[in-house]
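Note that chain A is present in both complexes that follow, paired respectively with chain B and with chain C.
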Partner chain A sequence: MGTNIYEKHPKLAQFGILLVGFFLLIILVSPSDTNVLWRLPPLLAPLPGMINDLAENLMFNWFPVQVYDPDLDDYEQTALLRELTRGFSRGVLFLIELIREVLIGGVKTIVAFTGWEYIRENPWAIWPALPWTVVVGGAALLGYALRGVGLALLAGISLSYISIFGQWEPAMETLSFVLVAAPISILLGLLFGIWSFKSRTVEAVLMPLLNIAQTMPHFSYLVPVTVFFGVGDHAGAIATIIFATPPMIRLTLLGLKKVPVEVVEAGMMSGSNDRQILLNVLVPTARHDILIGVNQVIMQCLAMAVIASFIGAKGLGFNLLLALNGLRIGQALELGICIVLIAVVLDRLSLAWANKQTDYFADLNFVEKHRFGLIFLVIFVVGVVLAFLGGMIFKDGINYFYFIPHNKGITTEYIWQSGVDWMVDNWYAGLQGFNRGLIINVLQPMKRAFLSMPVSATFLLVMGVGYIIGGTRSALIVGGFLLFIALTEWWDRALITAYMTTFSVIVAMIIGLTIGSLCAQNSFASKTILLVCDTFQTFPSFIYLIPVIMLFGVTDTSVLIAVIIYASIPAIRYTVEGIRKVPPHLREAGLMSGVTPLQRWIKIDLPLAFPHIMLGVNQTVIFALFMVIIGAMIGTDDLGQLILKALSDKQGIGNGLMLGLCVAFIGLVVDHLINTWAAQRKAALGFGE
Partner chain B sequence: MKRLTTKAAAAAFSVTFASISGQALAADSAQPIIIPTHNWSSQVVMAYVIGGIFESMGNNVEYVPADSQAVYEAIRNGDVTISHEVWQSSFGGAFYNAMSKGGLIDAGTHSAATLEEMGVPQYVIDDNLCPGLPDWEALKNCPEVFATADSEGKGRWLEGPQSWHGDLMPVRVEALGLGDLYTVKFAGSADAIWAELASAKKEGRGIITFNWTPNFTDAEGFAFIEFPGYTEGCRVADGGDGSCGSPKGWLKKAANYKFPKTHPEAYKTYSKISFSTKDIGQMAALVDVDKMTHQDAATAWLAAHEDVWKPFTQ
Partner chain C sequence: MPSQNATTQNEPVVKCSSVYKIFGKNAQKMLRESNGKVDANEFQKAGCVVGVNDASIEVYKGEMLVIMGLSGSGKSTLLRCISRLTETTSGDIHIDGKDLLAMNRKQLIDLRRNKMGMVFQSFALLPHKTVLENIAFPLQIKGINTSDSMKRAMDMVDLVSLGGRENYFPRQLSGGQQQRVGIARSLAVEPDIWFLDEPFSALDPLIRKEMQDEFLRLQDVLHKTILFVTHDFAEALRLADRIAIMKDGVIEQLDTPANIVLNPATDYVRKFTEEVPREKVLKIKSVMDSNDGTEDFSDLTISQDAIIETVAEAILSETKRVPVVDTEHNIVGSVHSSKMIQILFGKSKAAETGN
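Moving on to the complex of A and B:
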């Protein structure tokens, strides 16, 4: 009988045996600090200190140079690397401030060419802000030029909203640093994507690094960035670039790999050289994926707006944290909406720009050729005149036609605030039973179960699953990731991170499959829900942390709710996409055979969409890990708490990076297992990439 | 446009390196003094107040948002010039870490007497939720008043992030013999504490949290628990058993080691600046109660209290 099952479902049987072994180990291994089957010795414990010493040496001692400091009138010894990174920082900062001062005025750009002494002696030397009406008009014009009336309206209304609601200054500060970070990320992404397409070696080196960069929580590299690059907008921009570039590289490479050989051959036959093949054949053909990359970069940049303010980025993110600290949720919400609006406008404008075809043959006269330039000139003049008129109309010091100062616009804060108050008043009592029940009956037992797992059992389970899915190679890869974590001092904390991630991923997947499947039945609903997903991806999660804490307290429930909200985004997105991709003729065939909608969902939609949905699980896990780490802001006792603590640690760089790697490796274990499995399933279903 | 920006960037580099040819100055450098802003009101208003004082002396000032823990490393490296609210128990660790590595100096102490301690909102006392408070002995009789969903029937102390004072509070709970009755939960951020306080107040339920004064919570009333008095060496780290309360704390000012040399006048003023509990309370109230923006609040405070800050500049 047993052999029978083994022949029919060999993998299932293997899995059964694996589970038996797993539970045997749990029962048999006794918890004691000296028992290596229970916990491995923390052999890697000195590593953070070493990383830290290395970084400090590089930064302060390696290759000493003498630099003259005019303020001290003395030579000072510093290190070469430090001077180089600070020089790079100044360059980035200059670009950010140039764009910022074009938009809202200032003195930094003038200072860059003259010096602070000059400003002190010439107090008039301040670059004036553009009237906000001109920026709004300009953005609308750009939208019109690139696409048409629709985009013009979107850009114009969004920016007007930002100005009228009194968020102009922080929004332009955020915009100026995104306008530097995003193009740099896109360029770097294209360059590295093309390079790894050309060279197998580069690809082999880059891929593991990308994997780590995409799964490592951003909090963990904030300290290294501040040590190497300082504090300020440039540091925020650099952290953002680190965060936003990997998906661009990956998508560029993916797009280039998809270009059919015939297209390249056609290019060669028309006598193109290597450079022409690349720029005129490969990149344009791969445009679709590259554009998804651009979209991702913009999303990532604005998703970083809040985190970047931890290390000095001015703008919406900083004001949002400030508002939340005063529990002014309404204000924070308005700031959050501005972040989403900037993301949407930038995304649509860049897409329209990339899709615009140049008309090389049109024979235009001067006015036609410079039509938009001339219209902008008109907008500029009208805006400036309005601003002057405004100066005469508004006597109380604020010229609403020129520049609406921060928090001096109209506000809906009161409505949101009463909403939150109402929620706490009416729901708090009712939710306490649920909260207590969940914590006592589910969360605490689950946490205890994870912590009572001997290290040997964890290895057996994870490596066993790796073996069943991908053979010895997979088993060794996932085992390697686990070994790294197990040899640090933080294994127990990693288990707590794993428990929270597991719980949230299960709930998020249930939500994702339900909502995703329902919305996928209808193309309008699909589009709407995908838009909601986009919005929530850039909407700063910090905002809903506060109301959640008010309802559920500083407990694991609060953390998990925040995680589930965020992790449901990819779960829903991939379910919708997966089901929409099911070939229509298969669904019709089902319809003809008279299946009910439920049967169709179970028998046709889900099995065919399953590989894609599994990729969604993969993303869900990564999103969940990110949010579990941010959950440390509520209060957790897992890896995230230590990552947050690394911001002020003596060994901040080393601890931050090592902890980040631990989180990344948890993500990569899941990533490896799911990707291997999904690739096999796709091949089996006959739609290989 | 692209050509222009590259040229401009090149110019920026050459300018920064060219500025290395200046001469010694008796007066303050024109380089801006970089003041960090953190995520709580009184600190931000005070940043603009101190910035305003520096500006009134003809200095250039720049504000940069920074994390309140990470800022000390930035001061040490010269990326930020000062930090004007160094709270003893929350930031003392980070402050002394940076000082021992070199580059950060102690620029004096505010006159404000601070206290950072566990406490309860005033209504807990007024409504007599736990008779005998604020004396700590009263805690023995009412752990259930402070129980939460995840505290397993014990009362819960909501402590600040672990990075603020490590295991001070868990040790104290044990040392006072309250270990069977109370458990300590670390919040992840000050925001989390304020959210719980606001929610508790709506329900009128009991809550013990870490808090400090002067703070915006002073306005609504907050009572600190009276633990056995602090004595030298009573904490575990200093060889004691840890069964004592917090000392009356200091509120210090930190600066980069170059600041006295580059801006001698501004530094002299900065080292004299000493705000009292009342001053800090007024600054916070302008934002938290009167709902002014931080800049406006600073301008208003400077205009109304010249008698307080003018002497610092002389």
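Moving on to the complex of A and C:
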């Protein structure tokens, strides 16, 4: 290890010089509006307006076409793009309505085939809802058919919970929206993943786009989507698809690239043609990564449930938002649990489906072959009969066996509410003291420090680090990202975002390193903590805000704590993984040289796990950035706040996109620096990946 | 052993002449300019890597040809040229008299579906399929219906003694068991030509020995035409009818195991043969005295295909000459105990007296 430290010395020296320059600039550059060393002029300020004009032109003037309007019985002139997006919207909306009405009934599907006239003339033509018992039974049966009793219980109990707690209708609305968005995302992800696997050009074009797409905050997609697709369930679904597809593409490509050459050769020697190689060899062999992609898609869909409600998606997310705005913590918590349950059930079902085995030699008769269909038929009949009987038993007009309305379900809201009240009564002073202390002594000085940084000093620091890590190329790349942000009007806001992210990342990393290192000492603890991380990661980011607001009210502190909790997950995960990956013989060598546990941690575990931990830092930063932006919902004054404002503005598309890019570029600067460094370090330590 | 006289009667099943495989951008052009004399160093300077350099081999029906070489010798590349997993840069390859390199995709797929089977070093099993499904894979690719292909696959499971494990996934099997699956899969379509690319190299030595025995047992039943690649000289000696030893893309020597051990053609080949205990490699046939018909023989007879070591003790306990017989019990030669002593304890002399 000794030589390594010497090798590092030149870089350390460079870094020292860089810091000196950085602080010199801070001292020497005086704040003034005209000094370009202090702040760059907002040259890009007209850009949002131009984007707005462009979008408007595209939607209303570009490529006019004649479209027949059956209502007017005449041809109408309209823009091509507008018709295309309208058609797409209609298709997506129809699918959502179809699934929704199978689950909870309605008339819109019938309307789609006939017209409102028909419904008015035929009042009986309403699609009835499935009794909730049938849906619960069906889900349990599906779980049983795919895996066994355990999954059946999970699916059955989860859905029963949703129904009994009176969240059936919004939950089914959310489900219908996920059941449309997720398959489309998965399909698109697979297609683009395969395409970029086949063609290097496609990969080269797609990768930077994916980088940006994955670091743009969810909110910035919303404005463009409303401009092109309008508002409603379909817009929510489309925003979700845009957000959920990139990780699927990436993981598909990653999985395909990992397929061993010999497996493909074995496929070829079996006489497979190109299609068979792709569908029977490549895709199934890459299944592990593709399934992680599917899992991510489902998680993104549910994480978007809340965010999509901003542009009119109905369901749990919308109610959750209302509850949060009304500070009804108990209700928000129950809704949050419903979202998590749907996420977990969908995730497990999709995994079980992918891992299902076939028995080729079972000699089945008709009943055995169709037994699941027959059982479902029985469940259906029993459910309908129960619902019918329920209509006679329950006299107050509500049939609990058919549908439990929102205000008639069990609720634990008052328990939570009284808990919150109790905590507010008893802990308020203490928490507020902590809160004020943190804000006055830590957060505000830190914010001031960030804001008092001249733009030239920021550039010097970031580009300097880029140069030390990856040479001129890296310096130019990160400099380019920074330049974009510096030339917008929002540099100060970006600094606030950066300060909140920096603070959260530092705290999250301290938590992550501590918990991660402790748990990594023992394989049982490692497995447990990784499982906990998995579980927490299935919670949509919004959920984290609920308990914090409960305790700290609507303040910067709440947002930061939520961010820290959310960002600690990757920090812990990567620390555990990094330390567990340290080759055992190195630890044994250390033990035989007589190291103490502390020495082993400092001298062996951490240095070797460091590159992997840094990738965790990268994830932590991205997680923190997202959460900081989401935190804007409950009131902060960074970029997120502006993105939210852009949402309510009809001309917001330009601002929304630009702000989104600013956030994405902050993320990409960190991402580029850390990835370059970690790749070099891993190569130097000799674990290539 | 399909001896040289079979050569004249039969067309070889696999026939390669002057096969070159050169990796790199200007490979074709460089090769044309070099007139068949390829100097690896010169090519390297031009950014090309020579994989196979002027290789010619012929494999006859029912013969097992082992291509032996260390890593980077081009042995796997040559195998991949013959199975056309990589495109050959120059040369001719004929399979059953048909020009492999002139085949279009459809013909090639057809050939692979019906005539070829291949076993890989890393097993190359499909991780998402069970043992049974993996073995049935080539059959299903061919378009055979599910129930027939599963039935056939089940037969193969029994052939490689994996009965009871047909519903396991590859990850649940040991390396040896996984390679049994690989072997069963490659044999499922009853190919005529069987390619094995270092099939036992990833296995532990004990398992490797066991798999070699198993492999010999299978070949005894199946009589496939085999191209077997290995880096293990002992394995080559154990299995091969003939061995091709490769170095830097060039075939250094192509001959029977006995001839290679007794008469190494180059210094490189000699390095491998020096440490080989002959009695463990050579068959009686390669050291016996020819039969002049006048000898007074012992009652003991030994097979011409017996490995010397296995019969040495019996021969040493006989005072008279021991007759050597072929499979039809005709006497084809004889061995005296003095010869045995020579072979066992005086190696250099044994080498001189060998053919």
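Keep this in mind: the second predicted complex is superposed on the first by the 599 of 689 C-alpha atoms of A that agree within 3 Å, B and C clash if a C-alpha of one lies under 4 Å from a C-alpha of the other, contacts with A are read in each partner's own complex, and residues count from 1 in each chain.
Going forward, contacts are C-beta pairs under 8 Å (C-beta built on N, C-alpha and C of every residue); 3 or more make two chains touch, one makes a residue touch a chain.
Treat the numbers as computed from the prediction; the structure is a model and nothing was measured.
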With both complexes superposed on chain A, which partner does A:273 reach: first (chain B), second (chain C), both or neither? second
With the two complexes superposed on chain A, say which partner A:90 touches: chain B (first), chain C (second), both, or neither. first
Which superposed partner A:262 touches (first chain B, second chain C, both, neither): second
Could you tell me if A:442 is touching chain B, chain C, both of them or neither one (first, second, both, neither)? neither
With both complexes superposed on chain A, which partner does A:487 reach: first (chain B), second (chain C), both or neither? neither
In the superposed arrangement, does A:212 touch chain B (first), chain C (second), both or neither? neither
Given the superposition on chain A, which partner contacts more residues in chain A: chain B or chain C? B
With touch defined as at the start, can you tell me which chain B residues reach chain A in the complex? 5, 8-9, 11-13, 15-16, 19-25, 29-32, 36-37, 39-41, 44, 58, 60, 64-67, 69-74, 77, 79-80, 91, 93-94, 97, 148-150, 152, 158, 161-163, 185-196, 198-199, 202-203, 216, 258, 261-262, 287-288, 293-295
So, in the complex, the side of chain A touching chain B is made of residues 67-73, 87, 90-91, 94-95, 98, 112-113, 115-117, 119-120, 222-223, 226-227, 230-232, 309-314, 318, 321-322, 324-327, 405-408, 421, 424-425, 428-429, 432, 435-436, 439-440, 443-444, 545-546, 549-557, 631-637, 641, 644-645, 647-650, 652
In the complex with chain A, residue positions of chain C that touch it: 80, 83, 85, 105, 109-114, 116-118, 120-130, 132, 137-138, 141-142, 146-147, 150, 154, 167, 182, 185-186, 189, 195
Contact set on chain A toward chain C in their complex: 260, 262-263, 265-273, 276, 280-281, 284-285, 287-288, 357, 359-361
